[in-house]
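Below you'll find the structures, each written out as C-alpha cells.
One chain, chain A, links the two complexes that follow: it is found with chain B in the first and with chain C in the second.
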Partner chain A sequence: MASAGRFAGALAAVALVEVLLGEVLPAAANVVELFVLLVILTSLRGNSLHGLTGGLAAGLVQDTLTASLFGLHSLACCVVGYAVARASQRILTNQRMVAGLLIAVGVMVHQVLVIGLLTVLDIADVDPDVLVVLSRALLTSAAGLAYLWLAGRLREWAVRRRTLAARRVRSK
Partner chain B sequence: MRRLRTVSWQLAGSALALSMVGLVLISSAELTAGYVSRQSLWIALGVVVMLIAALVDYTVLLRYAIWIYVVAVLALAAVTFFGHEAGGARSWIGIGGLGGQPSDFCKIATVLLLARRLADSQAPVPPRGGLWVTVAICALPVLLIARQPDLGGALMFVPALAAMTAVTGVSLRSALVAVGAALALVAGLWVFALQDYQKERVLSYFQPQADPLGSGYQVRQSRIAVGSGQALGKGYGEGTQSKLRFLPTPHTDFVFAVLAEEYGFAGVTLVMALFLLYLGNGVRIALAARDPAGLLLVVGLLAFLAGYVLYNTAMVVGLLPITGIPLPFLSYGGSFMLFCCAATGLMIGLDLRRFVNI
Partner chain C sequence: MSERRVAILFGGVVVALLALLTVQEPQRAGDLALWVEGPVKQFVAAVGETVDRVRRGRAARAELERENVELRGRLREIEAAYAASVGARLESDLVSKQLRYEPPEDADLLLADVVYVDHHSLNRRTAILRLPAGARREDWSRRPVTTAEGLLGRVVSSGAGYARVLLVTDRDSSVGAMVERTRRQGIVRGVDPAALSLMFLPLQVDVQRGDRVITAGIDGFFPRGIPIGTITSVESGGDLFHAIRVVPSVDLGSLSHAYIWRRDPVPEVYMDGGDGVGR
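Coming up: the complex of A and B.
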C-alpha cells in the first residue's frame, strides 16, 4: 500500500505540474509526456498489475485535465503500463540506457496508440508529425533518465549517510 | 493472469455480449457521428477495468474502503463547485474536456464500505452506531447526487442498501425505522432537491395522457416504440421512433425502446436472457463467496445493476416515472460503462478467490 501512496503522491505532483505548465507555458506542457513517464517508471519494477492500475489512474487524470476524449489516454496508458511491465520481467532495467530506451519506446507506443485510436475510431482529424513524436519520445526519455540518475544519487547519498552515522555510533 | 483461467466466463461473456448489443443499438439509433466510436473505446477500456478489478484482491479494497469512500465523496462534492452541466444535471467533472461522473465511482466506494461495515456488524464486537451509521454512509452520496440534480442515480442506492441489510439480517423494528427514514428522505428530496421538471415527470406518471406533448411526451413515445416492434421488430436502422427523433435520448435512457422497436419481442427476450445469465452468475458467485464481506459486496453490486435494469425497463414501458436511469452495458456513456465493468470485474475477482484460505 505504501507504493500506492507514493504513486498517488507522484500522480498529484505530475497533475499539478501539468496544470501549472498549461497555465504558464502551454507549449512546454506538450513537450514532455509526464503522465506516460510516471506510468513507465512505475511499470519498470515489472509488476503487470501495477502497470495496468497505474496506467488507468494516470490516464484518467490526464483525460480529465486535457481536452481529450474521456478514456483515450486511459486506454493508451494501460497498454503502455502493461507492456513495459511485461518487458521489464524479461530484460534488465537497472541499466540506465536500457531504462532510457524502454521509456523512449513506451512514449512512442503511447503516441502511436493515441493517434491510431483517434484515426481508427474517426473521432478527430489528426495529422501526425513524426518529428514531433520522436522529439517527444527523446525528451521524455531524457527526463526519465535524469530522474533515474537523481534517484540513484539520492539513494547512494542516503546509504553513505547511514553508514557514516553507524560508524560514528560505533566509534563512540 | 494465469489465475483468470480458473474463472467461469459466463459473467464476463454475458457482459460483453450485452455491450455488443448496445453498440449495435447505438449505431442504429445514431443521430450524431461519433457515438459508436466513443462507445467502442469505452467498451475496450471497460474490459481493461474489468481485468484490473478482477486481479486486485477485494480484501485489500475492503481494508481501505473508508479511504476510497472519502475520496469518492470528496470528488462528488467537488462536482458541486467544478462540475460541468450535462442534461440539466451538474454531474460531469472535468477541467479541460469531458471527464467522468464521480457518482459512478461513488457507487462502488459506497458498496465497499457498506460491505465492510455490515460484515463487521456480525462480529462478536460489532462497530458502534448500528443501522444509523449504515444509513448515513448511504445517505451522504445520495444527497450529493440528488443535489446535482440526478434523481435517478440517487434512487439506485436504495435497492443496494436494502439488499445488503436484508442479507445481513435486520430486526423488524430496524426495518420499520429504515422504511420511515426512506420515506422522510423522499419527502425531503421532493421539497428541497427536486426541480420542477422532475416533479412534473413524477406527476405525469400518474396521468401520462394529461400532457402528451409536455411532461407525458417521453413515456408516450417510448410506449409507441415498444408496441410497434411486435414479435420480430422492424429491423436494424428501421425504427422510426428513434430515427425520426420522436424518442428524445434513444442512445442512452431509451435504448431499450430502440431494442424493442427494431428487434421486437425476440430481441427483448434475448437481452433479458443475457441479463438473467449475468445476474444468475452473480448470485452463484455470492453464494460461493469465502467470507460475509465478499457475499455482501456481490449482493450490493448485483442489487445496483439489477435495480438499473428493472427501473430502466419499467420506465421505458411506462410502469415507473421517467428519470435519467441508463440500462447497464447497453446505454451510451463512458463512466457508467466503466462502473458496470468494474462491478463485473470485482465479482470475477471474488469468484477466482473463492477457494483461497483467509
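Coming up: the complex of A and C.
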C-alpha cells in the first residue's frame, strides 16, 4: 500500500514536470522519457504485477496528457513494465550499469512500440530517426542512473543520521 | 498472484488496449483485419482444395482399380479366345494339308492416286486412278479397288497409265455381299449417290439396322471380308425379300488414294459359261 502511494506520488510529480516542461520548454519535454523511466524504476524493484499495473497507470496518464491516440502509451508502457519486471526477476539489477542498460533497452522498446503502432494504425506520418531514439534512450538512462545514485546517497545519509542519533541516545 | 495469472492478465490487458486502439481507427482496423483475413482464407481454401483433390484422387483410384479388374477379366477372355483361335488355325492347317486345300493368298495391293471422281452422276458413277510408273503396262481390268475404309469398286478399263473404276454406288455395279453378323448372303447394288441396296434377303432372315455388310467373295471379283457399308433401314419391300438400305463405308466425297488388288479374277470363260457347263 505504501509503495502504491509512493508510486502515485511519483506519477503525479512526473505528470506535473511533463506538463510544465511542455508549456515552458517543449523541446526538452521530448528529450527524456520520464513516464517510461518511472515505469522501469518501479518494475526494477517490484514483481511482474507491479510492473504491469505501474506501466498501465503511467501509460494512461501519459495518454491523457498527450494528444495522440488513447491507449498508445498505455500499451507500450504496459509491455515495457511487465518485461522489465520479468527481467529483473532473473538478473541482478543492483549494479547501476545493469539498471542503466535495462532503462536504455526499455526506452528503446517503448519507442519501437509507439512508432510501430503509429505506422501500423496509419495515424500519422512517422519518420523514425534512429539517432533520436538512441539519444533519448541514452539520456533517459543517464537520468535514471543519476536518480539511482542520488537515491543511494540519500539512503546512506539517512542511515548515517539514524546511526548517529542512536549513539547520542546511548551516550546520554 | 502467481506469475501465470499475471501473464494471463498481461495478455488480456494488451488485447484490450489493442482493441481500444483499433476501435478508434475503424477504417485502418478493417484494413488490418483484411490483411490478416486474406492469408487465413487462402490457407483454408488451399486446405479444402487439397482435401478435395485427395478425395477425388481416391475416388479415381478406386475407379481405376475396378476398371483394372474388369480389364484383366476381359484380357483373360481374349487370351482364351486367342488360344482357341490358334488351336483352330493349327487344326485348320492340318486339315487343309490333308485335303490339299490352298487358302487365299495375302492381299498384294497397289497404291494409286485418285485423279477424277464422279459419284453424283445419274448415268455412270466412276473414278479414274493414276497408276504408278512401274504398273502402267499391266492390264488391271476386273481388279477390286478399295480404300482404308472399305470397298470402292472395280476396275473396268485401264491403259496409258490410268484405270477407270466403276464405283460400288453405280447402278450397274453389283457385289456379292453378306451380313457380317449372320453370314447371310445377298447382292449389293447402287441405288443413289449416297446409298446402296442389299437385295435378295428373304423376309424370314434375321437382319437388323446397324449390321455391317461385307463382301461375300461369291461374285468372282471381290475377295471375302471387305467392308461395304452399314445397314440403315430394313423394310419389307415385297412379298419375298427385305428392302435393305446400306450406307457405304467409303466416303466418296473425300477420296485421295485407293488400293488396286493384284488378284486375278475368275477367268471370264467360267464367268460367262464359255466352258459349256450349263448350256
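Convention: the second predicted complex is superposed on the first by the 171 of 172 C-alpha atoms of A that agree within 3 Å, B and C clash if a C-alpha of one lies under 4 Å from a C-alpha of the other, contacts with A are read in each partner's own complex, and residues count from 1 in each chain.
As a convention for this text, a contact is a pair of C-beta atoms (placed from the backbone, for glycine too) under 8 Å apart; a residue touches a chain by one contact, two chains touch by 3 or more.
Bear in mind that the values here come from a model prediction, so they are computed numbers and not experimental data.
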### Query
In the superposed model on chain A, is it clash or fit for chain B and chain C?
clash
### Message
One more residue to check, A:Leu56. First (chain B), second (chain C), both or neither?
### Response
both
### Query
Does chain B (first) or chain C (second) touch A:Leu72, or do both, or does neither?
both
#### Entry: Touching partner for A:Val80 - first (chain B), second (chain C), both, neither
neither
### Task
Between chain B and chain C, pick out the one touching the greater number of residues of chain A.
B
### Task
Figure out whether A:Leu102 sits in contact with chain B (first) or chain C (second), or with both, or with neither.
neither
### Touching partner for A:Leu117 - first (chain B), second (chain C), both, neither
both
### Query
Does chain B (first) or chain C (second) touch A:Ser48, or do both, or does neither?
both
### Touching partner for A:Thr64 - first (chain B), second (chain C), both, neither
first
### Summary
Dual-contact residues of chain A (chain B, chain C) 48-49, 52, 56, 69-72, 74-75, 78, 117, 121-123
### Footprint of chain C on chain A - complex, ascending
47-49, 52, 56, 69-72, 74-75, 78-79, 82, 117, 120-123
### Task
Show which residues of chain B lie in contact with chain A when the two form their complex.
1, 33-34, 37-38, 40-42, 44-45, 48-49, 51-52, 55-56, 60, 64, 93-100, 334-335, 338
#### Entry: Footprint of chain A on chain C - complex, ascending
1, 3, 6-7, 9-10, 13-14, 17-18, 20-22, 24-25, 28-29, 31-32
### Interfacial residue positions of chain A with respect to chain B in the complex
1, 19, 48-49, 52-53, 56, 60, 63-72, 74-75, 78, 117, 121-123
